């Protein structure tokens, strides 16, 4: 859809992930561009989340997970031992597949990131950041009256948007979103998609989605995973209209939703 | 720097030491000494740990220090020890006030009751006596239940020597053992074996524990210190031993057979370094305190007839080995 | 309290360093914390840590070394002839220290001028009386060498402390300055501070190892001594525990087996009481009880853990024992000889251990996410099914920890055993027989009247060592089992 | 149930009215009820034992809070003072003076009972110390009339409390049946009466022949300083160690070693910690003997495993998604732990602390070896810092020694001491319990 | 779409739910038919999950939640105090919005329900039930080799299907499904929809979904919730083609995905 001279943000080569003995990601090579929305699609259990979690080293927290290969962010290997995963994660934000708000107030959920990164000089600025993030997460109207109610008392979709707002609040350069709209109604989905579009102007966004339509709407690049392999990666338009690999084609055409 | 006398050792001496320590604090300008309990063994061990402020000055003991201990002391630089005998502790046999009439025992009775092997019809057999009358018709027909000091207690030694062994000899069991092929040492050892079927119960705790056992067992006969018994006259009735009833008088004259001396040991090197140490030792054995009308005797300690010699010894700081 | 002040000064430097470092870092980022690598506070902490850690390190080392150095120098001043017969250099040095301290106090009370105290020619008889007048506890007469040494001691110490104070303060300032120099935007202050915290955490964890080393060291020499006096094979495999009162020598049987059996038996009985009651109580508190009941019952049950064990011991001796006697004694079933038995001690110990199981398990059960319970209820499970099959397995690692803790306490308990189970070591299967445990015997042999160099007293150390190694083995085994089990879940 | 029946209409077992509970459900509900009853039963059992213990403690301990006192005015002249001070056994001299004075006054009042000096002596406790310390502190009162309230002997005290009766009393040098007439007469005259025993709450230990002078106050202070040390060392160290082990430690031999070590330390008999404390703190580090500081250090080592084990268990129970969430917004592991995991684990940590401190507060055995058990009657420390280093006892040690003394009134005091210990424990716990309730939540 | 003479399974009248002070469900009246698929749609946070949870009394477990009104299942009030919620929940199964597998093996996750209800006489029967349920949950192929691996180690979509399989395994008469396909790819979604269709033959199914297409595909009746109110309830065809309420219309037409 867009011209191709974008900078490469993530350059991943020969990536392998093992969970104990299971080989979950096999030989994946992919280059994620800056200021682009990249969609990961593929059947459930094919390794989308796993690969996404590699990009900000969230797999470090799973004991049994083992990651191999090169993951270059702006030319630097993020698995290099000089790299501070914390700094990496501040740069590469993440929205998890299962909403996981902190058992704290809604306000504190959002304010936590800015606080630890020192993004606000004072309370007023923090308030501002919180409001702005909640607005971007399309949840402000629903929670503005109960900012100090616990985040765990929200509905499923609200929690999901809260987590999106929380991730956005720290202004990451790359945002990894694992099925961010799975529990959202069409209108909220639209708002989040708008947010993604807006983020794309400055940042790079990677989104996992099961909705082919959503992938087509928001992404410029699409990667199709299957059984741990990256089967096809290319311009979204081309993937959806003219897939090279027969597996991609059968997945796309088997489309129902 | 430490300003108080630090004492440790036997829990039998502790009550007397606590009386003296309190009075010493009340009557002098020195701070009240600290008296730790923990047993003669632990006390002497710490005493022999070395010389210096972080070691104790005085060890209380319910038995005389032993050769091996003196050697261990010397290895650690504790060479000059003043031995102070403060008096005697009488050991009595008592039972519940309202229980069967245990009023007179002989060592032989005790041995027959709880010895491991007894002479029955001229033959040495496993002790199966159930009741006191079985071997002595004058004793009440009550099941045997004796509470004797556990092997950790110094009292046990006196009990073994003066009662079990004596009983073993006088019942003829010892002779029978030697006839059975044992040499004298082995026979003595065998005399001290106590039956293991629950008729004789070792008490590792204090006399208060023995008292509570007697409280819950009307047939129980327990071994107590004289002072403890005198404090609990309303609960306990005492039995005579070999016809002598225990009292400070009979014990000090040596009539009552079962008693033992109590001691404390002073580290001479600390005299003049630890304030009040010598004063404490002198205060302890002063006539007003340890004499026969002093508070110690009043509490049940049997005053030492040779107290004057002890006083002099302390005044001259005579260490063990130097004197007599 | 000059050291107290020194510490305060260093802390003040650190506090100032904190503020300045924070400020400098902010400034280097143009006043905007967003330009910094870490939060401004971390820069502050970095400076503070750099001020405190080396300075306190020096302080500690100095405080350890200076007395050694001073004593050494001063004791060289004391001729051997000045040490009275039977005394030791150590005691004379104690006298020196006391004299020096007395002079310090007298000077500070104004009863003696500093000059007088320092004057090496001062008449020592005079010093003695003056000190006595000043209410200082002076033992006998102060001798010439002691006075000289005390004066030297004071001088050395005060110069030493002066130098130390200066050195520590300088080091603190230097550290702070170094930290300040680092306070630039790009500096990874958080990582450095976190490294520091991590080092602290590791240090804390290592205390356990140090304690173990300490325990082993304080037991091992006496244990070796014991085995020199008593054959190891009889100790480990002997079926009879019958120490004779020492002094007659050689006749003691010191076999550990009956004690181990008693320990095992009594602990098992105690756990059989404590684990079901504690676990059920925890379940009820966390899953069924109304908040009001929970708020009251939980702390109350915790009080059971705080009642001194001597109370439990007396409870066993005076109440539980006679009660059991009525049922199982000669008048009842005839299994029981006397009130003291494995059962008595085990029951009472079990009561004491209830809160160890219940309170901890309650917290852990409470922490199981509600979604787990919902999942189970949604399938039509009853609450008890949910608890048994979903909640408890999820909380299992923690519960196992709680039970292990209770078991450990059972092994280490003394008073209840002494009063409740008796002092007789016996190998028997009947739980209504009196038995005793390793721990109880450690205590009784250690606090006894025996000759401290005899096997009867030293056996306490060997018992302690053996118990230590056995429980170590059990714990290794438990760890292995827990690991293996944990792999199935999670 | 076969495959077919599962495909066909709903299984009969579960069709039917909801209000009509089927057999299986009945069974399951019965199981549920049983389970619940076990739970409630367990709690009731726990509370029952607590109640039994409490009742027996209180019943035996409450008398310790009162004592029989002799109320009397007394004049001590300068000359008498000088003379008494000149003796070795000064307190005896004072008490003789007092007894003589009392006898005189009683005779003057015409008390109806027969008595002699020995009888009065038997009625009184050890009063010399009190009188001497009074006149030493107030020399200006010499020659003035001073009103004293002095402890009566423990037998008289027992007579007032019903422990000693005319039937059970056996004549001894401590008290004779005939003396009781005098006691009755004195009571009528208002000279002997029962009073609240403040000295028990504030005082220090006394010799075995002076139960009237024994108090637990000094050892409460000793326990307080020990608990300060334990709290301020074991809680931070324990939590820090658990955080390291649970959150940061790599799985390797060294951390396994630490882990095994910690659970092993929990099983080490407490007296062994005393051996360790004696060797390390007193003999090696030259810390003072009988000092709460050393006691605190030993108890810290003893409590650490309890706190570590419970802290680890509750850290383990915090779901990993919370950690993920924090890490996902760029928090460091350290921040995730301190900001999110630790607060959620707080209830368990506090529980461990409560139990650990309770255990430390009631422990005697390790104190035996570092010199805090026995007779430590130094009174209150001078100043806060001195509280850590001056010789002192601790409550359980005090209770333990009292329980072993021959005079029954010490036994009563031991139970009274237990009441105070439990009060101390409860105050200590309440803070932790309030904190814990604030941290409790479910997610 | 279908004729209307179906039996009424659930008859709910004047239902109110409060979370503390928040009034989450207001005056809802709805009749859910037997052998029918009913879809609940509506914007995120409107109360769909809350209402669903009322139908098998799952709200009992939330302390702050308070439920009022009549909920008649087959003519019996399920909130009656004679009613055993356990029996109710065995009859009315539920799939939660957030997948919540037990920390047990996959096999035990499925076998849990049949075991507690005694649906299998022996191990072989249980194995059969487990396999059948996993097949119905469209996850058999992915997990058949690791039935004894923990259920928590599955991917998001796999967990969701595991939870569906778990709910089906107990053969409930009514199945409440809260966004069962949110984390599923189109093919898996299709399989689950097939399952729903199959279930409809004997049972009643209530499904919450954000996908209008899905609602249209699988349901016969649709209820539209808005801000806690039941705005419109009727035949799915009619709701989507010819909504009565303007709010419904605007929600439907605002449709994007």
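Observations, loosely collected:
Each chain carries a letter (A, B, C, D and E) given by its place in the written order, and its residues are counted from 1.
Methods note: a residue touches a chain if its C-beta (ideal position, glycine included) is under 8 Å from a C-beta of that chain, and two chains touch if they have at least 3 such contacts.
As the structure is a computational prediction, the values presented were derived from the model and not from experiment.
Between the contact lists of chain C and chain E, the overlap consists of A, D. Think of the whole protein's Cα atoms as having one middle point; the chain whose own Cα middle lies nearest to it is C. Among the pairs C-D and A-D, the greater number of C-beta contacts is found at C-D. At the far end from chain C, in terms of centres built from Cα atoms, lies E. Chain A and chain E have centres, each the mean of its CA atoms, that are 28 Å apart.
Chain B and chain E, compared by their mean Cα positions, are separated by 83 Å. With centres set at the average Cα position, the gap from chain A to chain C is 49 Å. Taking each chain's centre as the average of its CA atoms, chain B and chain C sit 35 Å apart.
Chain E has residues 86-88, 90-91, 98, 116-117 in contact with two or more other chains. For chain D, residues touching at least two other chains, in rising order: 28-29, 32, 278, 332, 344, 368-369, 403, 443. Residues of chain C in contact with at least two other chains: 190, 314, 370, 382, 385, 446-447. Shown are all chain pairs that touch, namely A-C, A-D, A-E, B-C, B-D, C-D, C-E, D-E.
Those residues of chain A whose C-beta lies close enough to touch chain C in the complex are 84, 86-87, 116-119, 121. Across the complex, chain A is touched by residues 32-34, 36-40, 188, 190-191 of chain C.
Those residues of chain E that touch chain C in the complex are listed here as 56, 58, 61, 85-91, 93-96, 98, 100-105, 112-113, 116-117, 150, 152, 163, 166-167, 170, 172. Remark: chain C residues 85-88, 90-91, 94-95, 97-98, 101, 137-140, 242-245, 247-248, 251, 314, 317-318, 321-322, 337-340, 418-419, 422-424, 426, 433-434, 440, 444-454, 456-457 touch chain B in the complex. For chain D in complex with chain E, the touching residues are 1, 3, 6, 8-11, 14-15, 17-19, 21-22, 24-25, 28-29, 32.
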